[in-house]
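These notes concern the structure reproduced below.
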Amino acid sequence: MPNYAAVMPELGRIEIQDVGDPAPGPRDAVVRIEAVGVCGSDTAYYTIGRIGDYVVDGPIILGHECAGEVIAVGPEVTGVRVGDRVAIEPGKPCRDCRECMAGRYHLCPDLVFFATPPYDGSLVQRMAIDERQLFPIPDTMTYEEAALCEPLSVGIWACHRAGLRPGDDVLVTGAGPVGLLAAQAARAFGAASVTLTDVADFRLDMAREFGFEAERAGEGVRKDFDVLLECSGAPTALADGLWRLRADGRAAMVGLPKQDVTLALSKLNWNELTIGLVNRYAHTWPTAIALVSSGRVDVASLVTHRFRLDETADALMLGKHVPDSVKAVIAPQSVSA
Amino acid sequence: MPNYAAVMPELGRIEIQDVGDPAPGPRDAVVRIEAVGVCGSDTAYYTIGRIGDYVVDGPIILGHECAGEVIAVGPEVTGVRVGDRVAIEPGKPCRDCRECMAGRYHLCPDLVFFATPPYDGSLVQRMAIDERQLFPIPDTMTYEEAALCEPLSVGIWACHRAGLRPGDDVLVTGAGPVGLLAAQAARAFGAASVTLTDVADFRLDMAREFGFEAERAGEGVRKDFDVLLECSGAPTALADGLWRLRADGRAAMVGLPKQDVTLALSKLNWNELTIGLVNRYAHTWPTAIALVSSGRVDVASLVTHRFRLDETADALMLGKHVPDSVKAVIAPQSVSA
Amino acid sequence: MPNYAAVMPELGRIEIQDVGDPAPGPRDAVVRIEAVGVCGSDTAYYTIGRIGDYVVDGPIILGHECAGEVIAVGPEVTGVRVGDRVAIEPGKPCRDCRECMAGRYHLCPDLVFFATPPYDGSLVQRMAIDERQLFPIPDTMTYEEAALCEPLSVGIWACHRAGLRPGDDVLVTGAGPVGLLAAQAARAFGAASVTLTDVADFRLDMAREFGFEAERAGEGVRKDFDVLLECSGAPTALADGLWRLRADGRAAMVGLPKQDVTLALSKLNWNELTIGLVNRYAHTWPTAIALVSSGRVDVASLVTHRFRLDETADALMLGKHVPDSVKAVIAPQSVSA
Amino acid sequence: MPNYAAVMPELGRIEIQDVGDPAPGPRDAVVRIEAVGVCGSDTAYYTIGRIGDYVVDGPIILGHECAGEVIAVGPEVTGVRVGDRVAIEPGKPCRDCRECMAGRYHLCPDLVFFATPPYDGSLVQRMAIDERQLFPIPDTMTYEEAALCEPLSVGIWACHRAGLRPGDDVLVTGAGPVGLLAAQAARAFGAASVTLTDVADFRLDMAREFGFEAERAGEGVRKDFDVLLECSGAPTALADGLWRLRADGRAAMVGLPKQDVTLALSKLNWNELTIGLVNRYAHTWPTAIALVSSGRVDVASLVTHRFRLDETADALMLGKHVPDSVKAVIAPQSVSA
């Protein structure tokens, strides 16, 4: 049986290749990948070939928002069984270093992360994955929902890094997938109110459909937010948003502008703000699954477009070609004849 | 115009008396009280005349879960206006002592609290209240819902004292009004799961109707809870519940058994548990209003029985006479001819 | 008896004037001021007439690092007695607003602060001060030491805002009075190591005399600090220092460069740093007094120069004229005939 | 070359046996043990044969407070080198479970801990130890000091579990080795004041020599402590100490009375206290070494008696036979001919 993957042999090109059967280690399970969400980082590797210091250097398989079914397990696996439907955490830490032992495995310098060069991702039909990256999901949860536990994890962690407390008034700048999920996480963690900003009407409308306040970026007037979740990556979004926080306000910086960021710290200090930088997430999958499966967070409505594996290139370019899109999901088991 | 109150002139007796017009100070508003929830402490003062060191010594007006409409304001009031519908926080701190300045006004030694001897409560038609105890509510929120922001505040604060974090698995012992609201608060703050225990089928059924797991006290087997919210006041509930926590588990002690509590600390230490005692709440009203008005917490369904002001004695004894009751609410403006 | 003050009638000029007896309110004490430290902000008002939005507009008395003896008390004073030797906290909050009640009185929008326009400071012989700003000191503590509890408070609060934990390795950029006191506070709170940087050999030597590692700014190589306390105000000090933090590093921004600050946040995010802005301090005097009186912090050695009240102008310009100076202290009771 | 150990073949008997050369694994170092402190738990295993559920079942080597010199390293060791003088952490976690990954490796269910049945301890001349349990010490630090980093770790962690903050007033009940070290840790972390209680004059005198307030247990009157560190194990010490805390007081329970503990929680709740149970420590060695090597904590003065390896039985019974003893240290390299 072939094991097709969407391989990127060179910048801007995707080929469907049979990559052969995965070779699971003793604590690995083989997972049949059923859904892979497309992230902006996948598109960046596809179009530019790099994100910061990570440079694509040779063929790579993209995709890290994923879910599937366990179809085989290595001899030492105890946490999952064949037949388990699982959400997949794309990072594998060393479990030995200072960061891992401090409870911060996401900052492990030896973290192996899907679709981050030189490591392959999950746009493949079958994949060997350490059992500790697999989280069984309830029957009521779809694979698409399970795959989107990954961007939801970003939103959950943003709330954590902002020190969000129940009752906070929250401003989320950027209403793309991450912003919408950060907003939902904030609401699910007891935020008193959540307001999103964006430049695109389509995304503002979606924010309102999710029940949030929404305003065009730059047009808001409220200056009494407790928490800012910067999810746009716009170069001045953090600087602008910080002015809208009140005393003891806290910000998390999720969006990553290419440029350096200039801040008027000696004026912002008046309100004694705190700025937390964000690097992915840790320990979030059980929470994400609980929020989605209980209906407190709606990830399914983010999926505006679906693709077969052999349409991966289209999926990767969706955001650039279709302005009114939010999240593309690829079904690796679907390959056109 | 008379200003009727339900006065308790002596233990176990309630009289409707015209207590005369309230005399608001410069920062007080006069509030027409529209709803007053009955709390177990009201019933305790009515039947026993004391709670711990607080002893009823002379006539007293009970009631501290309340809401109403602002009908007049003192000359220095700036935070509310005539016509505002308000939830009412029943405690007034000194705003000067060490505790007040540390952000812990609820621990102020000079706290003036409704219906705690020697201070009168809110079972009265019109009452002068410091504006800083008044929180305007949206039009969509009922006075009953606003009154129940008080017991919801207990639940919110229990979560705070337990150090509840998103993703925690929560055990709530006791499914009375406080337990049900603590459970809802925990869910609204991102708990992964919430399980309630009780001895009464009626309350377990209500817990299930609210969407929670429910089990008869003493029959549960899960021992992987992160948080225990003890809301039953049963003498052994804390000791029993602590055994069901896993490593780093945290407990908040809301229920107050009359007896001392015996704990096997030198065995419980294995899991390095933390026990937080609870004394009311602080800073909770804005959060409570946000949770109720957004539909994340349902307080309305707790109200099983309603009473006129002149039925106050029946309302106070409801829990003792009607096992299948949860929360009684009194309408002070309703007085039988 | 005259009550001489060092009045600044216009930019760059100090006059000794008899300002008349202070008029204490009911909760005020009259304090005979015995020592006043000179702060960079005093010098800024003297030379430039402004700090940020605070503009000197009319005669002002400078000085806010101060201590003295209580010589009279208002009728409602209960916390201090005539004869008490006291350290003085220069800020008086409203004790009523959201920030005061949240335990953050230092962010009170109505804070009255010594020597911040339009409020006078403490370069005066006798001053009426709210008793809640007065902290009795032990006999073994000098007035100079008591006055320097103010800059020590800045250092204490910097540690708090950086989330300093016992065992942290700490980098302090800037070895002026605030940097040296922040470093001592960090050590007194259990820092594993403390390293200071500066551009001036004199200050590096003083840092070494206090037992710290010291290195010329820009020449350090360690990149494993947990905490950065930026106390230099140099425009790039924060940006440079952040690169020397390891994962989960935390920074407090005490120094206030006039310029905006540019940060490479999308690279710094890798280590998931946290940046806390700082606006003075809160609740620090008891701690400061305990640290100084127990010998854990040495403030006395910072005092390199002493002045009479009529030498205030010299004291204010000391830092500009004498490079090898650290802290000037003025004795208001000393006035040349 | 023989490798002598103090083996306990049966209750109350110690034999010096040659246990043969240690067999280091790839990440182990062989350590020549130079100092082993005697802990109450060693004495308990020697005299009673059990602590809680841990029962001695067969010969065992006691001792877990230890230090020595690295004399060989396995092929994969990178963190220490032959010749390194090291303090030794006696616990080895699995580095894989939920607790390990949460930063709580001390709560690892598979923790292998020296001298806790069925695992041997360090009363031996040469021992193979995982390099990750070894912490190089500076030349200025003695092996005895290094060994006592273990009980100091208990004190450090007690402060952590009590949520000790700079400026707290601290009460330590029990002035034995752990109490004296907890008190020193509290002072080194910025406690404003530290008071110890005990029943023995000898220990109270030692507390005073360390610069602390000291009072006979039961005779103290201050009720304004912020933190209680219960280090006596006396059955009522926690219950009594909690009454001496003020609002928001926090307690850590280090002492482990055999009996259950009875607490008046429904009265103690008034002050909204928090009780943290304690199970050893985590991440403390670097801090302990920094505190001792910088002189901020004096562990050396605790050592009142010293023994050769063949005097282990005397060392184990020291506390029972010599009331005025504090800490016994055994030198495993010293064996009488």
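Letters A, B, C and D name the chains as they come in the text, with residue numbers starting at 1 for each one.
By our rule, a residue touches a chain if its C-beta (ideal position, glycine included) is under 8 Å from a C-beta of that chain, and two chains touch if they have at least 3 such contacts.
Here the structure is a predicted model, which is why all the values come from computation and not from measurement.
Between A-C and the choices B-C, A-D or B-D, the pair with more than half the same contact pairs by residue number is B-D. Looking at C-D and B-D side by side, the one with more C-beta contacts is B-D.
A separation of 44 Å divides the Cα centre of chain B from that of chain D. For this pair, chain C with chain D, the centres built from the Cα atoms lie 40 Å apart. Shared interface positions of chain D, i.e. residues touching 2 or more other chains, are given as 102, 104, 283.
Those residues of chain A lying in contact with chain C across their complex are 52, 98-99, 102, 104, 106-107, 161, 238, 247-248, 253, 256-258, 260-279.
For chain A in complex with chain D, the touching residues are 95-96, 100-105, 132, 283. On the side of chain A, the complex with chain B involves touching residues 156, 159-160, 166-167, 185, 187-193, 283-284, 286-287, 290-291, 296.
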